[in-house]
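Two complexes follow with chain A in common, the first pairing it with chain B and the second with chain C.
And then the complex of A and B:
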């Protein structure tokens, strides 16, 4: 199962001290997201990715971070499912 | 003609005598209230006298114009005892809610006008907030019911701050200056006596008992605030106040992203305005310092705002019990 983020022109971002607020143009909704979620939506999921690869890419953004374990990948999977419900990512056919 | 002068030459309500006002009110009269031209027609015995006192400073309008809305208040069962009389509120011929006790006519009119503003005037982004001005900067105080917003607002309006609104942070989408709409401030229950003690010079309307919010009494806006109703004020401070019995004064900075979400969630029409609302709230947060205030003593809180406006540092306790320096006023970023 792979996801990619909605196209960048669907988002408007505001950032203060590594905390983010994003306006999603198609839904008209605004979401408060932390730095990890912002990284997923803005950078990592530009290319379609499954939860395991996304969790690796996320961990890779932190220097010296350990290899993500199954719990972390499950957490990222949960995030992606939630993002999909909100229309922030779309599921991509294999 | 500059906006600040647009209504300077208009006669004010108090240029009429009370009897003349009551007669005009029964036939229908126009008032300039903030950015709105409001036509009010009311035949309710409990209304004319307090309305005359509370709106005495407002510009009277002639009838030869298109009004923003037509508010009507009609007393029903006028021949019956007071206890069973009702008033019917309508706006542009529509009745938005059931008839209410006639003795609550003033509160019904004020709440009805709030309803009309919130549901109709989407050319403004409407934040749910008190707004005051000092030294050219606007203080935004968003808060939920029971948090002491109106009490604090009325107190500041009588201690050197200019009242823009106790309820609506009106903004033109894309702009960061607040549009004033000074109106009577409805104090509830114990706050009425608190205000009488805090500012004996404040003029209050009648205490209206038994409303859905308990006893309500309206504070007349200071004349200076009404006279300056065409002068907008750019955002400078956002303070989320909360009154808490016996609490020590606490004042601390709020992360801007959190402040953004609180403002957006509590706006009347954020989602209606859409992207422009996001951009406007972002700009407001960008240019403001954002704080959380917990208080129990009105004098202490007002003094804190005075220091904030003057940019004077002071030791204030944060919510975790630590002392901190009160950040000075100024641009946020």
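And then the complex of A and C:
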């Protein structure tokens, strides 16, 4: 199961010291996200990716990220499902 | 019954303060602190979402706001999906369709509603609300920009002023579609979906 971010023009970003607020135009919702979630939405999920690859990419990007073990990948999976529910990512056919 | 309840409360308190519990709390605090740094998280804020979900509305701005370059931003009412309240609000539709005319306020041009450039100059707000063709005085060409015949005419005029009215102004017309001024802040929420033109 792979996801990619919604197109960048659907987002409006504001950043304060590695904390982010993103307004998602199609839904009209505003979300507070930390740096790791922002990295997922803005950089990592530009290319379609499954949860395991996304967690690896996230660990590679963030110096203090935990090792991408199974728990971390499960957390990322749950988050991607939540992102999809919010319309921030779209599921890509295999 | 009351004694039993008090006893339960005491047990809960004791459990909360036991060394094992304190350790668990510290561990949890570490995990939460770590999560704030590294584990991706999201918190959804709900205020103001309902209106934005159902439409792409933008309101006419009070006064005559300018953008960072000093332009009044005139939203063309014929470019939007629907006009409400006599032009106080606009629905940009889905997908968004809107055209904004930037009316410069800092470049020194004065705009008139006639090609003779007479009367009182108009501000961006009035131009936007009236719509139509507006005129400003075009800068005259430099002699070096002219051909030989035109240069000769210019020299002749300078010696025989009555030959041509040297005070005649050259007017240039620009079109401003009718609409309402909107703020740069309001337009920012539709970034990338508005067509801009500058006069």
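Operating definition for what follows: the second predicted complex is superposed on the first by the 89 of 94 C-alpha atoms of A that agree within 3 Å, B and C clash if a C-alpha of one lies under 4 Å from a C-alpha of the other, contacts with A are read in each partner's own complex, and residues count from 1 in each chain.
Heads up, the rule we're going with is that a contact is a pair of C-beta atoms (placed from the backbone, for glycine too) under 8 Å apart; a residue touches a chain by one contact, two chains touch by 3 or more.
No experiment lies behind these values; they were computed from the predicted model shown.
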First, second, both or neither for A:72, with chain B first and chain C second: second
First (chain B), second (chain C), both or neither touched by A:40: second
Touching partner for A:32 - first (chain B), second (chain C), both, neither: both
Contacts of A:82 with chain B and chain C, given as first, second, both or neither: second
Partner chain in contact with A:16 - chain B first, chain C second, else both or neither: first
Most chain A residues touched (candidates chain B, chain C): C
Common interface positions of chain A, toward chain B and toward chain C: 12, 21, 23, 25, 28-30, 32
Of chain A, residues touching chain C in the complex: 9, 12, 21, 23, 25, 27-37, 39-40, 58, 62, 64-66, 72, 75-76, 79, 82-83, 86
Interface residues, chain B side, partner chain A - complex: 255-258, 260-261, 264, 270-271, 274-275, 278-279, 282, 285-286
Chain A contact footprint on chain C (complex, rising order): 34, 36-54, 188-193
Partner chain B, residues of chain A touching it in the complex: 12, 14-17, 19-21, 23, 25, 28-30, 32
